[in-house]
Amino acid sequence: MTRLALFGAGRIGQVHARNLMTMPDMKLVAIADPVASPAREDLLTRSQARLDDAESIFSDPDIDAYLIASPTDTHAPLLRRAAGTGKPVFCEKPISLDFRQVVDVAEAFSRTDTRIMLGFQRRYDPDFMQVREEIRSGRSGRVQHIVMHTRDPSPPPVSYVKSSGGLFRDQAIHDFDMTRYLLGEEITSVFATGNCLIAPEIGEAGDIDTAMMTLRSESGSLVQMINARHAAFGYDQRLEAVCAERVFYVANHPAHHLVSADARGFTSSGPISDFIARFAQAYRAEMEAFRDMIVQGRPPLATLRDGVEAQRLAEAAALSLKTGRPVDVASVR
Amino acid sequence: MTRLALFGAGRIGQVHARNLMTMPDMKLVAIADPVASPAREDLLTRSQARLDDAESIFSDPDIDAYLIASPTDTHAPLLRRAAGTGKPVFCEKPISLDFRQVVDVAEAFSRTDTRIMLGFQRRYDPDFMQVREEIRSGRSGRVQHIVMHTRDPSPPPVSYVKSSGGLFRDQAIHDFDMTRYLLGEEITSVFATGNCLIAPEIGEAGDIDTAMMTLRSESGSLVQMINARHAAFGYDQRLEAVCAERVFYVANHPAHHLVSADARGFTSSGPISDFIARFAQAYRAEMEAFRDMIVQGRPPLATLRDGVEAQRLAEAAALSLKTGRPVDVASVR
Amino acid sequence: MTRLALFGAGRIGQVHARNLMTMPDMKLVAIADPVASPAREDLLTRSQARLDDAESIFSDPDIDAYLIASPTDTHAPLLRRAAGTGKPVFCEKPISLDFRQVVDVAEAFSRTDTRIMLGFQRRYDPDFMQVREEIRSGRSGRVQHIVMHTRDPSPPPVSYVKSSGGLFRDQAIHDFDMTRYLLGEEITSVFATGNCLIAPEIGEAGDIDTAMMTLRSESGSLVQMINARHAAFGYDQRLEAVCAERVFYVANHPAHHLVSADARGFTSSGPISDFIARFAQAYRAEMEAFRDMIVQGRPPLATLRDGVEAQRLAEAAALSLKTGRPVDVASVR
Amino acid sequence: MTRLALFGAGRIGQVHARNLMTMPDMKLVAIADPVASPAREDLLTRSQARLDDAESIFSDPDIDAYLIASPTDTHAPLLRRAAGTGKPVFCEKPISLDFRQVVDVAEAFSRTDTRIMLGFQRRYDPDFMQVREEIRSGRSGRVQHIVMHTRDPSPPPVSYVKSSGGLFRDQAIHDFDMTRYLLGEEITSVFATGNCLIAPEIGEAGDIDTAMMTLRSESGSLVQMINARHAAFGYDQRLEAVCAERVFYVANHPAHHLVSADARGFTSSGPISDFIARFAQAYRAEMEAFRDMIVQGRPPLATLRDGVEAQRLAEAAALSLKTGRPVDVASVR
């Protein structure tokens, strides 16, 4: 039986906790979350875990692993503390909004054997996994280019935007990670441009709501990304991987499967507009991978280094947006 | 150069004439159509053919082939006359609304070497041809069953219904023919039921507007058909052929390829609602086959016997509707 | 807290039990299943329910409701016993393979106030529910006809076929129920034909593996059904409801959303081939409805009478297959 | 009757000639094409036009209009000559591979009243026209961004690449034109990058085979384009126009409408891989617009200025590729 502590009982913390609770050999024993909420109370009741503070958790020898799903600004300190324990840790992205901190945390872990897994759940989605496997198999020829579209169903509150690190660090980070995951190599340059076309208040808060990016990999493959804070039809999450002999599409998942037809044509369902529902299977597989890392020492699909490199691309994009020019990724440190 | 005479300059006659006019070795020289109309005049101008009467056409030694696209009640007399000339003839379906006449015409031809081709254009549609080829190849295993849906975009005028021979002889005849074309064997029994659910005036005229049929072939394959005088979204013309190891669908052809998406979902085009546009390619291929029959003696995909057997199935369906029981096709004579 | 007893810890019993176990106010306390199996043991462990026999369960005053998911031949005796307790009961279809028993059970319940709900989960599927709501709203005009296709991914073992009551009572019963659910009226006649085209051993066991049916409702709407024990591409579960002004399609649910494209065209996912996965949402909603019936007295979407009438249609179909003629449903008693 | 002269009897010249030949009031009287070919002879026979040289054509007072479909390097001299005649002229894109020449030709026309129409047939495609109308109506809100993908079925011969002006001037020019057509405003900046990932011989010839571009319009709308010389599944020609309240997709046109399904999933048709078939309707409408310009003086959808501006964008893209930075379009002269 593995005894786990959860930091953060918010939305994503709940998702992870529920997935862990279906596994007979995983037990949630402590939850650290300083803010009382019905969600926190419900999770405490269901899990029968104790409410505790971070320091007691890290000092408790009976806790075997940590799951960090608290607000972003707590990640770096919690990670630094966890690094010293030698116990397995899962951490949601991003590591920190300050890239210097990201690098520091990575260095802290590099001096230990502490195993860590990053929260890039999309790596565990069966559709994206299959594309990666096809690419790695080589049977469809080289990847010539990749196209990714991520559009949220609606813009977040401007308060969230302000603390989120902006479109690149908050939303596009999953797409940056996906490029490395699929290509199996590093990105060398990033060109980013954007505008505020959806929600003027986002512009007033100093961010963009629509970004267009072009990336180039070590081997010369090209990547085009669009990230936006809104799509009229809901959550848009698509990918095309153009290989020499075959093209792969990851399509949106429809919310339902009823079609109606009349004189105006055929009307079918828009996409599932809740990313937690869209990636339900991926979130389950991600926790199974966390268990496999804890119990069997099996390396996860998303490492700390993946977290660092995805953030490096986000930094490169932010710099490109500011300078109006492509940025050499290696120069971001 | 083959010199042709056309009987009937109505809608379908125009389609055939235009397709023939694109072939350098086919020349339309005479048109018989007693009713003046702008369409007839336009066709006379474009083709530079003469307006003539049936008798002169059949007596003209310089005419090489006949194309019959005149009203149904003229088919049998024109066919009988054509049978005696020995010259190739193309005739639109149905041969006659009176099955006795159908059999008589077939007997008349059987006593000659006159080549004749029936107007089942759907046999020349690339999608349906491909299904047939797949079935004949045997590579998908035996045909277990076939499902066909034919729904018109809107009910015809009741005057047309009255002279059309009814839903079975007029519309469903193409589907009856398709079952034999695809299965490559005869149908042994027909169960038909129906109702008047769309246009009450069709019921008052003694016909149904919605039919459901179940057929069985010699080898035991099953066929289900729906024929209706209306579909809310336009012309519906679909087929499923369920083979042991693979299923084939002939889908509707969309009118356009623009999709729009908003909060209500995705809206895409309904089908092309004009059967002449839907089967444009088939009509062209059909006239090419007529030319190949004339010039090279190549047997067409739709013979007189196919016309007789499709009508036999229509008669069986009409009888089944009347008696409320499956009808043994062999008993229809 | 509602305390439930489950009869039958097989596949469908497990599905219901797991759904109930996610509801804080429902508690599974006893399981009756005479056959030891890993699944039974696992369920006993997870639920912490006791293993018990039927008689003790019915005598236990602390049990509040019964869930019957045991083999079909036990349904009627368990139901008769449950009827006398006055406690709410859920029963999987069919009530009995012997229609006389079905009627008897219904009469037994009619003499009590015992609430009962039948296991027609498809009534709770969001797509089918939406079609029903559209039809009931009348905004798309009258239902002219309905088309249903149900094909299993692969034929069941012949041993199952022998005890299943045959294709009509076992598989098609859900479709029979759906016609009444959608049309909101009774079916008056059934014509059924069929053949053994998929699995010869099913024919040897006296059943068919492919059925085609045509039904007519009180108001004259028509229904066409195809039921088969196999489709080459997996589980096929589709419906078209043709209304005067709009047509509704319930499409298959794809197993994944990855599309690949190459010189041979586009390849996309076949349907989810596990009916429990296909109807996961419906099964959850069904247990919620069971809870609502127990706790709030809210009538379920599937009543005992629905169970009786669906089986009456199955009996009519079996008789039609035997006689080769349409059967008047009212004559089946 | 309008008497036309055609320059160039190659593939696209044939398309235009055939479309004109179906119009009773348009007559092709002269063809200038110095290279004998079966296609030229066939067109001379069908049209009964005379073979002539350019100078005689321009001197012939009986010729009413010119259609220029000859090799690109002849466009500018023919256009300059035509400008002086005052007679309507249609010219295929591009005007010249030398942008200085493009500007010169435009100046030559600006000093006359000679009407001229450019060969951007995609403006006449019903799907693209509909998107434009939707955008112009404003009913879907502002255009936030546009995505365009153009991929050829297979790379052209390297000899063609060398004389084509490269990917931007040859293929992407239609997409550059489409951005201005849809947005109804000018593009202010272009970032282009690319690589040679498909056909090494194209790289050796100094061109790229895959381009990625990001454009920005006067009002701040963003455009992303991918242009490639190959797609594994055939001709790829898609567009997404993301408006505030609705998204529009122009989908590929499938080559056929037969779907097959087996254990591996559903296989459907790839796109029509011949751009002349894909745009058959657009080419017809384009010639009708040419006739309307000649006969009624109706302005075409594609003017000379549209030709100039599309080429200015191609020049900007070429410069961006070279410099690795976004290019201010106004600086291209």
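In this document, chain identifiers A, B, C and D correspond to the written order of the chains, with residue numbering beginning at 1 in each.
The working rule: a contact is a pair of C-beta atoms (placed from the backbone, for glycine too) under 8 Å apart; a residue touches a chain by one contact, two chains touch by 3 or more.
Heads up on the chains, UniProt names are A, B, C, D = Inositol 2-dehydrogenase.
What you see is a predicted model; the values in this text were computed from it and never measured.
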Note = Counting C-beta pairs in contact for A-D and for B-D, the higher total belongs to A-D
Request  = Using residue numbers, check each pair in A-B, B-D or C-D against A-C and return the one sharing over half of the contact pairs.
outcome  = B-D
Remark   = Rounded to the nearest Å, the gap between Cα centres of chain C and chain D is 58
Inquiry  = Nearest whole angstrom, what separates the Cα centre of chain A from the Cα centre of chain D?
reply    = 42
Message = Based only on mean CA positions, could you tell me how far chain B sits from chain D in angstrom?
response = 41
Request  = Provide the list of chain D residues touching at least two other chains, using ranges where the numbers run on.
outcome  = 140, 232-233, 245-247, 261-262
Remark   = Touching chain D in the complex, chain B uses residues 126-127, 130-131, 134, 140, 245-253, 256-262
Key: Interface residues, chain A side, partner chain D - complex   = 140, 142, 144-145, 147, 149, 151, 191, 193-195, 197-198, 210, 212, 214, 216, 220-222, 224, 226, 228, 231-233, 242-247, 324-326
Remark   = Residue set of chain C touching chain D in the complex reads 232-234, 261-270
